[in-house]
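Chains: A, B, C, D, E and F, in written order; residue numbering restarts at 1 for each.
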Amino acid sequence: MPIAYLTRRERFSAAHRLYKPEFSDEENFRLFGQCSHPNWHGHNYELFVTVKGEINQDLGYVVNLKLVSQVIRDRVISKLDHKNVNIDVDFMRGMLATTENLAIAIWKELEQPLLEVGAQLHRVKIKETENNFVEYYGE
Amino acid sequence: MPIAYLTRRERFSAAHRLYKPEFSDEENFRLFGQCSHPNWHGHNYELFVTVKGEINQDLGYVVNLKLVSQVIRDRVISKLDHKNVNIDVDFMRGMLATTENLAIAIWKELEQPLLEVGAQLHRVKIKETENNFVEYYGE
Amino acid sequence: MPIAYLTRRERFSAAHRLYKPEFSDEENFRLFGQCSHPNWHGHNYELFVTVKGEINQDLGYVVNLKLVSQVIRDRVISKLDHKNVNIDVDFMRGMLATTENLAIAIWKELEQPLLEVGAQLHRVKIKETENNFVEYYGE
Amino acid sequence: MPIAYLTRRERFSAAHRLYKPEFSDEENFRLFGQCSHPNWHGHNYELFVTVKGEINQDLGYVVNLKLVSQVIRDRVISKLDHKNVNIDVDFMRGMLATTENLAIAIWKELEQPLLEVGAQLHRVKIKETENNFVEYYGE
Amino acid sequence: MPIAYLTRRERFSAAHRLYKPEFSDEENFRLFGQCSHPNWHGHNYELFVTVKGEINQDLGYVVNLKLVSQVIRDRVISKLDHKNVNIDVDFMRGMLATTENLAIAIWKELEQPLLEVGAQLHRVKIKETENNFVEYYGE
Amino acid sequence: MPIAYLTRRERFSAAHRLYKPEFSDEENFRLFGQCSHPNWHGHNYELFVTVKGEINQDLGYVVNLKLVSQVIRDRVISKLDHKNVNIDVDFMRGMLATTENLAIAIWKELEQPLLEVGAQLHRVKIKETENNFVEYYGE
């Protein structure tokens, strides 16, 4: 059976801040630049979730895209959209709110629930701005 | 002399919250939806500034675009990028952090300084997400 | 009170065909090109609805964007998305399924319901492909 | 010799419907959602064809991009653009008109003709909407 | 009869340089910045041509878009695409190769030929980069 | 430690020409099409640089994105933006100004300096137009 990769984009608008509480503002600025600004800033994040699988010969698709979208929205978007990544998001607790950590945490949130709808997670990609994005393949 | 319209896009990533402190969380949610979330959220805003003018016959342009860009960055972007619209921005003090109010406030910030570099402000457009934008013509 | 313009984008994917039943296939092809293909074709249409109004001093916005979006989805998107413009859409009955006619028909569908949520319709813009769009201002 | 990947985008606007004729409308809706709508719907599809190869030291490119584009247009776009995927397209006969099947069928159409112009097919990617795309690597 | 605005996008990739031969390199740099670089630079320009007109009740459109596109390509794109704006383009002879001058010159090239296919020119918009564009309305 | 891929986009506008001086104009046109036009043409190039690495547990990122951006701008963008690829760019000397060669040359320019800021280069992608891009992985 041929193998295809299916990607779904979902979006969320969130606030965040990059900093380590044990460091001074100056040290945080040196490490994280403007992203360490104390009163938060935010982004329109784009999340691209790619699943991989054999094409079901009977139905012609890897998996019902509606189910994939529903899992992403239930597990991830509902917790991130119009929220503060540092404060509000259970699966980001205790982690620096970087795009890298976000990608890993979203992978962990999605891997099992996607399997339950028949989709094997292949890649999580997060676009923070039109100039920056991070990809994570579960390695 | 022919008249042309010149538009410069600049971007800023900022946090904000829509709410009225005198209202309950429920009332704020009814009026402002998810945007009233207490712990802030944020956007990658796109700002499009349009100036209008006769084309300088000698130089072939309405105004030196570098100067327009510099004014926008000095007066607006430097105050908004990686900031909190509600807390950090002097020209938004005392105003609800809506896109409409932001457009008007940015118009006020830019109108005179743009005139000083020879550019007459025509329109301020702010794109908050790929699905929403506001335009203000100074009326 | 300052006046602002607020635009909401909504999307729909639909099939259509441009042809006049009283004409031959050749004549239809001459008038409408590939768009006259008998077995239909389709597009990812983008609909931009712009409303105009004074900014409510108390709430800082022209109108609650959620309400605008809801009206557009109830009146227009629900009837067009994943449908056939020629066959399925009540407000397009008896009309050629051109982008121009679609823009006028959508204006008629939206004008009154938008007024009822406090929004005065200013422009309907429909982007058919990345290379073509139509704007209608109710004139 | 260094190896590079060259991608060409071509576009087509087509109608389609996802359904299995042996199933009821209800069953088709359960499996394919709105895409099973009987009167068709459509999309502006974007097709990204990636070829892979050593860079010709003499000419500085993997392959003449014009030839790649010509092959894609002759073999694929001319058959899909302004057409109905279910009815009009010879290489989709007997297959469900899913994006996955389309990607595989396009791979089969392009692999040999691209080889004949010196280009080894690496990936077929089809973007159905701004939120969904499928990739196929010939596996 | 309702009036609609129809816009067609066409693209061209061209080289140009902004400078006045009677000025020194330093003076040209002061006036035109990096765009005065002597060995040329270039852009992927996007040209948006908007025509305005009553909707033909019989055919449901303002004008046959194919004709509009053909006029733009014959009169403008064929002369600009993969060319040097300063050297190769007859309708830019003797003018500074600014986006403003380009917009005016394209207006003059298109106005009459568009009338001959039944389309009244309303606006010429040229996007030079993702951050800059110029609009000209024939005033 | 988990491994992530971080991509930074930077842009440059440049002129170029594809041709071999030892060939006739006709032969160059046959090999390179319109890109062989003698008086140059140009593009708004988009450069996507992807680095790969373990996520620093302490700082939550692969590498400080500011440093990556600074390296790209110092080593590549400053030499290409508003320049002529054939004439002005030291690291393209003696090479055909194809996108493939540009990708390889940029890889060579960036590999070592990126290592010095702690980033391992994974991919260089150059988008020449909205329809064409090249990727190089250092193989």
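One rule holds for everything that comes next: contacts are C-beta pairs under 8 Å (C-beta built on N, C-alpha and C of every residue); 3 or more make two chains touch, one makes a residue touch a chain.
Note that the structure is a prediction, hence the values are computed from the model and not measured.
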Moving only between chains that touch, what is the shortest number of steps from chain A to chain D? 1
Overlap of the chain A and chain F neighbour lists contains D
If a chain touches chain D and chain E alike, it appears here: C, F
Centroid comparison with chain E (C-alpha atoms), farthest chain: A
If you line up contacts by residue number, which pair in A-B, A-F or E-F shares over half of them with A-D? Let me know. A-F
Note: of the two pairs A-B and B-E, more contacts are counted for A-B
Copies chain C and chain B - interface residue numbers shared by over half, same or different: different
Greatest Cα-centre separation from chain C belongs to chain F
The distance between the C-alpha centres of chain C and chain D, rounded to whole Å, is 29
Cα centroid separation between chain C and chain F, in whole Å? 41
Which positions in chain A touch two or more other chains at once? 130
Pull out all the chain pairs that touch, please. A-B, A-D, A-F, B-C, B-E, C-D, C-E, D-F, E-F
Which residues of chain F touch chain A in their complex? 2-10, 50, 55, 59-62, 64-66
The chain D residues in contact with chain C across the complex are 11, 13-16, 34-35, 37, 39-44, 81-84, 87-88, 129-130
Seen from chain C, its contact residues with chain E in the complex are 18, 20, 31-33, 95-101, 103-104, 130-137, 139
